[in-house]
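Chain naming follows the written order as A, B and C, and within any one chain the residues start at number 1.
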Amino acid sequence: MELYLQLTQFYQDYAAHVDRADWDAWIEMFTDDCTYSVQARENHERGLPMAALSLDGKGMLKDRIYGITETIFHDPYMQKHIVSAPRIISHSAELIEAQANYAVFRTKYDGIAQVFNVGRYIDRIRPTDEGLRFESRLCIFDNDMILNSLIYPI
Amino acid sequence: MELYLQLTQFYQDYAAHVDRADWDAWIEMFTDDCTYSVQARENHERGLPMAALSLDGKGMLKDRIYGITETIFHDPYMQKHIVSAPRIISHSAELIEAQANYAVFRTKYDGIAQVFNVGRYIDRIRPTDEGLRFESRLCIFDNDMILNSLIYPI
Amino acid sequence: MELYLQLTQFYQDYAAHVDRADWDAWIEMFTDDCTYSVQARENHERGLPMAALSLDGKGMLKDRIYGITETIFHDPYMQKHIVSAPRIISHSAELIEAQANYAVFRTKYDGIAQVFNVGRYIDRIRPTDEGLRFESRLCIFDNDMILNSLIYPI
């Protein structure tokens, strides 16, 4: 039960950090040797490697954030994540495997909220002395038509 | 608390099975004498019987799945369910009455995710030796304009 | 844990009352000296006072409901709230500070469900002898283009 509550808060913290574009807090949710990727469901299910975003290690996460905040020319937008309760697949003292469905709504300057990305998080989470950390987070999305504008992490 | 966690996992398992189109796992979540229906809110609130889908007993669930997978000519689509935390209405050793809001997003081959069906699950759930089982699940939806394409269970 | 469960039920009760347009039950979820407001994220983040709706004290909540049900000429619509798990910010015996993301879907008589309002609840909740009560609920929304038709509480 304690684990479930901790995991739920961890998931909601993640959503809050990304929605606020608090990228430093986002990076700190991962282990140093983490994997983060955003991939179409079809590719994931067929075991194909192509992904919209695929980052290995905290250094690449920092790089991506630097790109977003300093170099990529893009139309800013706001995100709002609705994340379901976690579904715990397995857990031990070293590793939690869990999943959750998500829907991300995007609002641009025109003020209209749109369904932006819907999918499933597939997570490996490591308990550490500083709290839970993502060893890997895969964002497996159903829709694949708006990726040219996927700028921020999901 | 234990019940709440068990129920939450049960609800998220349901979403995962339906989203993956794992129909065998879906069927096994129901009791033999189950009721499953998908009905417009207006009809439900007026006590009218007409429903988009109304299945009585596990045999009819199997029939429907056979229809979907073997006989109905239709455009396939993917579903993604976002299901809220359960709202427990009452519970005893024999029966749990609970409800939850849901939003189902559909993605067709064009790759665009759309709001497909939004509503409330109204459930009667029986604890059994093999875990929780739906005695009845009513999917009461607000929107009623896309039913000609409702193929899969909600 | 007990608190978390109580809070989750409270949030889902809120969604259920508003979705059913059970305004008496909605009003009873607030303290006498409550604040309820619905405000664009941009204004909230800049500390600007302008809000789509801003009510102080239970009397103003009752007034608003009287307006909705008796005097405002409007197109009725149905709401469906998907509310995430609460993120507990702080809690003591007198006060709980918590937040949750929400997506509200609106369905008009044409039967089509639309993304209506997406945002974050920022709450101060007081435990009382009759259960939890909102001392303040701020609904901070991302999208700001459909407010001319915001009639009911979010």
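Criterion: a contact is a pair of C-beta atoms (placed from the backbone, for glycine too) under 8 Å apart; a residue touches a chain by one contact, two chains touch by 3 or more.
As the structure is a prediction and not an experimental result, all values here were calculated from the model.
Chain-to-chain contact here is organised exhaustively, every possible pair of chains being in touch. The angle needed to superpose chain A on chain C by their Cα atoms is 120 degrees, rounded to the nearest 5.
Under half of the residue numbers at the interface between copies chain B and chain C are found on both sides, making the touching surfaces mostly different.
Put simply, the C-alpha centre of chain B and that of chain C have 27 angstrom between them.
Along chain A, residues 1, 82, 85, 103, 115 each make contact with two or more other chains. Considering their complex, residues 1, 4, 41, 82, 84-88, 99-103, 115, 117-120, 142-146 of chain A touch chain B.
Every residue of chain C that touches chain B in the complex is listed here, in rising order: 1-2, 5, 8-9, 11-13, 15-16, 19, 78, 80-83, 85, 103, 105, 107, 110-115.
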